[in-house]
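Here the structure is laid out as structure tokens; the discussion comes afterwards.
In order of appearance the chains are A, B, C, D and E, and numbering begins at 1 in each one.
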Amino acid sequence: MPLDLTLIIVLSLPLLGFAVNGIFGKMLSKKLVGSIATIAVFTSFILATTLFVRLDGTQIVKLFNIVDHDNFKINASFQIDALSVWMSLIITGIGSLIHLFSIGYMSNDEGYYKFFSYLNLFIFSMLILVLGSNYFVLFFGWEGVGLCSYLLISFHYNDKHKGVANSLAGRKAFIMNRIGDGGLLLGLFMLLGQFNSLEYLEIGQSLAANTHLGSGAMVFIALCLFIAATGKSAQIPLFTWLPDAMAGPTPVSALIHAATMVTAGIYLLVRSNFLFELAPSIKDLVLYIGLATTLLSAFIALRQNDIKKILAYSTVSQLGLMFVALGFGAYSVALFHVTTHAFFKALLFLGSGSVIHGMHEEQDIRKMGGLAKLMPITHFTFLIGTMAISGIPLFSGFFSKDEIMAQALHHNIWAYSILVVAVSLTAIYMFRLYFLTFHGNFRGGENLKSKVHESGLSMTLPLAILAILSVFGGILNLPGLFFKGSAHWFDNYLSQGTFGLEHIHNVHLDFNAAIQLMIFASTVALGILVWAYFVYFKKGNLAKSDLELSSWEKLSASKLYFDEAYNYLLVNPLIKLSDFTGKILDIKILRNGVYAIADGVLNTANLSRRWQSGFLSSYLFWMIFGLILFIAFYILKISI
Amino acid sequence: MQVASNIGSSLDFYLFVSIALFAIGAIGAMTRKNMIVLLMCIELMLNAVNLMLVTFSTFYGNGDAQIFVFFTMVVAAAEATVGLSIIIMAYRNLKSIDIDMYNQLKN
Amino acid sequence: MDSIVILFISGLLGLFVGMRQQTLLSLIIALGGIILAALAAFFREAYHTPLANYSNYIPTPAYVIILLCFVTLLAILGGYKRYSQDKDHIGDYFSLILFSLCGAIMMVQPNDLMLFFIGLEILSIPIYVLVGIEKGSALSAEAAVKYFFTGSFASAILLFGIALLYGATGSFQLIEIQSNLAFGIWSSPLAIIGSLFILAGFVFKIGAVPFHFWGPDVYQGASNAVLMYMSTVVKIAGIYAIVNVFGQVFRDSYLFWIDLISIIIVLSMFYGYITAWKQNSFRRLIAYSSIANAGLMLLALANTQNSNIFLFVSAYSFATIPLIIINNVANSDDDDLKNWEGIAWKNPLIAIALVVALFSLAGIPPLAGFFGKFSLLWSALPQIPYTVILALIASLIGAFVYLKLLLLALKKPSVQVKQSIPLDQIIALLITTMASLVALYFI
Amino acid sequence: MSLQIISIILGSLTLASALLVVFSKHPVRSVIYLVVTFFFITSMYIMMNAQFLAIVNMIVYAGAIMVLFLFVLMLLNLNKEAEPVTTKGSQLAAFIAGGSLFLVLITALKDTLTLGQTYRAHNDQIGLVKQLGNLLFTKYLVAFEITSILFIAAMVGAILLAKREKQIIE
Amino acid sequence: MILILLPLIFSIIAWIAPSSTMRLIGLIASACSLVASIISVSFFNPTEHVLFDLGVQLVRFSMDSLGYIMVILTNAVFFLVFLSNYYNQIIGHRRFTALAFLMQFGLLGVFTVNTILGFYLFWELTLIPIFMILYWFGSFENSRVLMKFFLYTLFGSLAMLVSVIGLMQITHQQTYDALLAADLSTIGNAGIWLMGGFLLAFAVKIPLFPFHTWQAQTYTKAPIAGTMLLSAIMLKMALFGLLKWVLPIFDGIATDFWRWPIITLSLIGIIYGAVIAIRHQNLKTIFAYASLSHLGLITAGLMLQNSQTNEFAVVQIVNHSIVAIGLFMAAGIIEQRLKTTNINELGGIAKVAPRFAFWFAVLTFISLSVPFTSGFIGEFFLIKAIFDVHVFSGILACTTLVLGAIYMLRAYQAPMFGPTKNEKFLDLRWSEIAVFALLSLAAIYFGLAPKCITDFVAHSLIQTTH
């Protein structure tokens, strides 16, 4: 099959699935709907694999021309290179697993067909995003995934209790993403202005030809792109939407808000590596933001009680970690973490989804406990996910995190120490979550307990596959330490196949340092595992109710008051401004001002009509008076 | 006619008289409330015009103006006829020829 | 001249027929006379399309005469219902109107101030009488009294002006006056003061500030039928007199009087429209609107080379007559705007005619009123731009007034009562509405 | 010189009687004074040798029109009623207006009141009946004929208005 | 050309035809116009410039590609208005149908006329029908609002009239091409004033801040068909006038003088409208202010006088029509079924009317100009054009993305989501679905292939820029 045809099929299959499910979904049976959607994505995955196999440098597939400007042309064209193919593999791969999972998870939902068509649409948009060969196409996907995210977050808008909250969460996500999109747009404008092109390759080549190193425009562009990335990838200051986005169905959280969409920001930065290399100040900003995000969100996750919220903050934290890597210029490292994170975070989310499904929509971990026996497969896979994210040695998360730590250690010891704290916190809250959920006594009441059940095959199968991936994902990019021959496969793969990354070589620590690092990291992770085991399993420490929290715990539980601060600083002033303009400026001043002028003019009629007094004598008088004025006018005129 | 040939020096005065007459007629029209007197005042104004026309006619030695005066008189007569009949009709309606009584129409 | 003779004869004939109380015959004679007069005027001079190329158009008297005849015809048609109520006097009414029309025709083709003055009086005197024909009504009597006294007062003023002008130039022939004035007599105060007095007399006739006082009172007191005639023909004749005398004869002193005219225009328009806003009587409202329209008409003086008043006055007439006819339908006895509420729902023809007439008065294209206004603005704008802009602002206020009237008339009544209109009024309404509508094709 | 004195006297008398027309309280007196005024005006016409006009003025104005006025006055039988008193304010305003009309006219025209210096006796025969008759029936024939319309209109109008209607009587 | 006279003929037919057939007449006649215009455009070579007249010297017509776009847009809008209101009372009225066709005639005239006076004439011609439609079919308890609308518009028109006369007298020309060729540089400041007159008229019509106060009230009170006509096509007259007439003719001192003031007002309008829309309670009012916001962007883009920007402004003009019809139709559906558009009284409609919820959502996102829709293309390049000229203004214009999301989502979610307050809600009828589907298809088609508009109009826009 020719390359472009393959690509088109890869792209169009999810779109087709969307169309078929969207239009005919209501008439089809639920099984069929789910199968169509899943098969569409899975076929895409297979085809994407063939792309991966046949990958040969960078290839551009041009479909059609969108805009033909005097200065530039914008095409709907797609780029097939290591980066994009890798991303599409993640998207379609994880995507098809999650589709599979959803068949079971959503089986009781009214909007079944809608859900699958949205999911397919999301996959389509995401593929557009990563496969596009220019920023314009990327933007299509960028907004498209935002749109799908909105649709899926507020999917349960009809819910009796949470309907409004769900839709508000969707709105919040969309608006925050829009802020980022605005940044991206501005960046695009600047790029167009500077390069008369939005093609990655063209921009990169012209940059390579003549470097505008550190010029203001580059900084501006990089800043704009980074703002876009913070919006999409939920970094400070635009991260608060992601926890709220957990209002969506759990597969959505797994797919969009953990594995794929939120990593679009990382993808954007990796894609634009050549730009960021020219704007070191923004790279530093990326680093600082990443550090702050990873630390703060990890802290917040410590005392959350909603199983999905914890995972959401964990996601934010992990994304922060990736940004740290980007801040160091270690693009392939960041992407490696994206990959492993996609595995284990999807696993964790799906696991939590399974739990929620089994618990009949109960999400509060304070009401769980002892589920290990009731849901063995879920428990086992969840444990693997937890260990992977906590950095237990030999799990995939261990390797990818280790790479980032290594970068940090190499560049900046302070950053490293902050990362250590953040990683430790990650392990703490993940084990807290794990132990509280699966061990101890069931706290949800007998009534609920009797109903708890293990999920069906369509749900457990993806869990199993993801668990396997989470365990072995690290193989992709083993450190050079042990496996000289096959080491850094991913690094090489990416940097050879992606424009701009050829010139960037990741630092690899020397043997001693690497060993020390690994041992230290393993110690910390295992230590926390043991500590958590004692604290939460042996002692049976429970999540406290809100009233018993100490001050730092309150701080954590209330999410560092970010939402409140935003409300106070942004939302309320905007509302006040709106009320002022709408009610006072627009109505009182402008509208009534017009009325007042009109009334003023017309009410002089009350005066002017009195001139017409009704007495003939006065009429004659005024006529004479007018005559006198005429003559006086003349006299004045000749005398002047 | 010897008289006329020396009249030149009086013409300015006649003009003055006619202007004054016009003003007096106007004052009368404004002050008097009796409609008939009012009409008379207007006749006075017309006569002022006539006087002025004759004066100019004498000045230019041109008969046109005197013809004009003739027509003015014709018009004045017609106006007086119609005016008086209007006054009579109005009197029938309001039983008064006081002009101030006629102020139903106003504002 | 032929027209005048025809009109005079048919007027006399009408008198005799009227004595026999033959209403329809009187109508036919009157209309026939008017049509014949118009034809006579038509065949005497070539027909020109005004505004053909926006310039060098000097109103051909023939064309104006035809307009005058046409408007009178409409006014007679529209007022026939009222006139035929007095079978005794119908001949008198029609002959008075025809005589008056003679005067109007004399006014618009002057070459001699004497004839001109006589024409003016012939125009006015029958109208003084006609205003008072509602003999039972005190208001009508009052209107007649007021109109008569102010009118003869204004005549005196006009005459005084003519006398002074004669004093300056020594002639009544307009051509001689013009050449004498052009010869340098304009420096003479006699000529200037004379022209000012003449202006005052004219301004009185068209009813612009500050000589407008008769307007509202007389319009209100007069019957609808008479109003149709006097609110249109008098204005047309008056404005043509002004245009001819000032635009042609006094054009050399243009710079002198144009400022005065501008002031009159602005005052008239603002005063007329603003005061019209608070009226309760329709005829009074129309009177104030006509004051404002008089101001607008005076814009024709701004450009002495090319004064395109024709379209405006015809549009004004074709808009005013249907409104008064509709008022006749709404108010058969009294004259209150309250009766206008929902009038448009009584008859579809009324609705259409009303909308067209009011939008035409407000100057909205593609109705005739717009083209009238446009032609005026076209010639006036380069000469007196500020006045024009002020006039436009005033006409915005005017739009308020017309719109208020329109909204009042269109208000849906709770009970719809259909009302039929007599045939003659239907014809008049149709003609005027069509005339307002098809103006586009005459430019 | 003597002519000028006579003119001044006549003019003054004219103005005086005109003022009396305006100021006499009784309408009938006003009429009488108006006749007197016309008389003086006529004499001024004679001074200017406008004989035809002088005669017409006497006959038409003083004779016919004034009689008509008097007739109507008597017809309405209002001579007993005293004229209603107007408010002082409006009267004052009227006087001021009339006075200032006079003043501004004089101010404006004072430079042109020099007819006497430029006057040359062209033709002292113009005011005679023969001359005017020639003019009237040649140059102004049209106007003369046209006045018939005026008169008919005035006649019809006067009759129309002044006639008592049957229904009104009832 | 028959195309322009067609609506006039239909208008007359509508006056005469029996009122029971009025619905069909409206629908079929407007479809005829649309089909006729589409057929004729397929024979049209965009580089051409067809001249024709109707026997009146002052009013001559010409067809160029920009005019064609607008003509088709007009016909399409009218067709959609008739289709979308097919089940509404208003369509059954003879008066509405006849007046609407009369208005269509006026609009087609505006878009094709070749003389400046003709432009004014047709511009004003549209005013009477829409005024009557609003009066007869709107809910103007207080006629003040209606009068305000009329007089505001008239106010602008009079200013334009002065400018039209002034322009004709100064140049002694009246046709478009002659006016373009005329050299206005010699008249200096007079040109600024003349252009000011035009701009005042346009600013009222578009409307620009602070001349917008008629808009929200009128839209809210007007019948939904009237609002659609007003916002979807009538306002476009002003943009069209700006694009085709004023900017090219006054190119030079005058445009330089007015550019930044107008852009500033537009930007204020963009933010002002959006900010007000955030908190307003009435759906129709929100959409009105949204319209203020959207049109500000187009105006600002046009004022830059860049041929490429103009092409995208045309795209955005088309898009705004799509959005306006769609959104006001949605509001109209709610209003018609529930008798209110106050979002506090609405909720949970999505549950009872899923089809409506879906299409309303599609339209909402089209109006949010997400990619794949025409709005995105238009907005992208308009903001880019502003950004290129003035970075800060571009950033300000960008805020419309965020603010737009805030108010549009609010306007969508409040009535559609949450607990169901009104159980009885008739889901969409076939005609309404057809309209929504057509609109969405058009938006997506133009979003992916804006070239079909931009390339088509490019020929006539070349002469409009320096």
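By our rule, a residue touches a chain if its C-beta (ideal position, glycine included) is under 8 Å from a C-beta of that chain, and two chains touch if they have at least 3 such contacts.
It should be emphasised that the depicted structure is a prediction, and the values quoted were computed from it without experimental measurement.
Trainee: With one step meaning two chains touch, work out the least steps from chain B to chain E.
Mentor: Steps on the shortest route: 2.
Trainee: Would you mind checking which pair of chains has the most C-beta pairs in contact?
Mentor: Here the largest contact count links B-D.
Trainee: So, comparing each chain's Cα centre against the centre of all protein Cα atoms, which one is closest?
Mentor: E
Trainee: Taking mean CA positions as centres, which chain lies farthest from chain A?
Mentor: Farthest chain from chain A, going by C-alpha centroids: D.
Trainee: Centroid from C-alpha atoms only, then distance chain B to chain C, rounded to Å. What do you get?
Mentor: 27
Trainee: Please report how many Å separate the Cα centroid of chain C from that of chain E, as a whole number.
Mentor: Chain centres of chain C and chain E, defined by C-alpha means, are spaced 42 Å apart.
Trainee: Provide the C-alpha centroid distance between chain A and chain E, rounded to the nearest whole angstrom.
Mentor: Taking the mean C-alpha position of each chain, the two centres sit 36 Å apart.
Trainee: Let me have the rounded angstrom distance from the C-alpha centre of chain B over to the C-alpha centre of chain D, please.
Mentor: 4
Trainee: Which positions in chain C are in touch with at least two other chains?
Mentor: Within chain C, residues 114, 118, 121, 125, 128-129, 132, 135-136, 144-146, 149, 153, 164, 167, 189, 192-193, 216-217, 400 contact more than one other chain.
Trainee: Multi-chain contacts only, two chains or more: what residues does chain D have there?
Mentor: In chain D, 86, 90, 94, 97-98, 101, 105, 108-109, 140, 143, 147, 150, 153-154, 157-161, 168 touch at least two other chains.
Trainee: Taking each residue of chain E in turn, which ones touch at least two of the other chains?
Mentor: If we look for residues of chain E contacting two or more partner chains, we find 151.
Trainee: What's the complete list of touching chain pairs for this entry?
Mentor: A-B, A-C, A-D, A-E, B-C, B-D, C-D, C-E
Trainee: How about chain A: which of its residues touch chain B in the complex?
Mentor: Those residues of chain A that touch chain B are 609-610, 612-617, 620-621, 624.
Trainee: Give every residue of chain C touching chain B within the complex, in rising order.
Mentor: Touching chain B: residues 114, 117-118, 121, 125, 128-129, 132, 135-139, 141-146, 148-149, 152-153, 155-156, 159-160, 162-164, 166-167, 170-172, 216-217, 220-221 of chain C.
Trainee: In the complex, go through chain A and note every residue touching chain E.
Mentor: Interface residues on the chain A side: 64-70, 76, 139-144, 146-147, 150-151, 154, 157-158, 160, 163-164, 166-168, 170-171, 174-175, 178-179, 181-182, 185-186, 188-190, 192-193, 574-575, 577-579, 581-582, 586, 590-591, 594-595, 598.
Trainee: Residues of chain C touching chain A in their complex?
Mentor: The touching residues are 145-146, 149-150, 153-154, 157, 189, 192-193, 196-197, 199-200, 204, 209-211, 213-214, 216-217, 256, 259-260, 271, 274-279, 397, 400.
Trainee: Residue numbers of chain E touching chain C in their complex, please.
Mentor: 55-59, 117, 120-122, 124-125, 127-128, 132, 135-136, 143, 146-147, 150-151, 154-155, 158-159, 161-162, 165-166, 168-169
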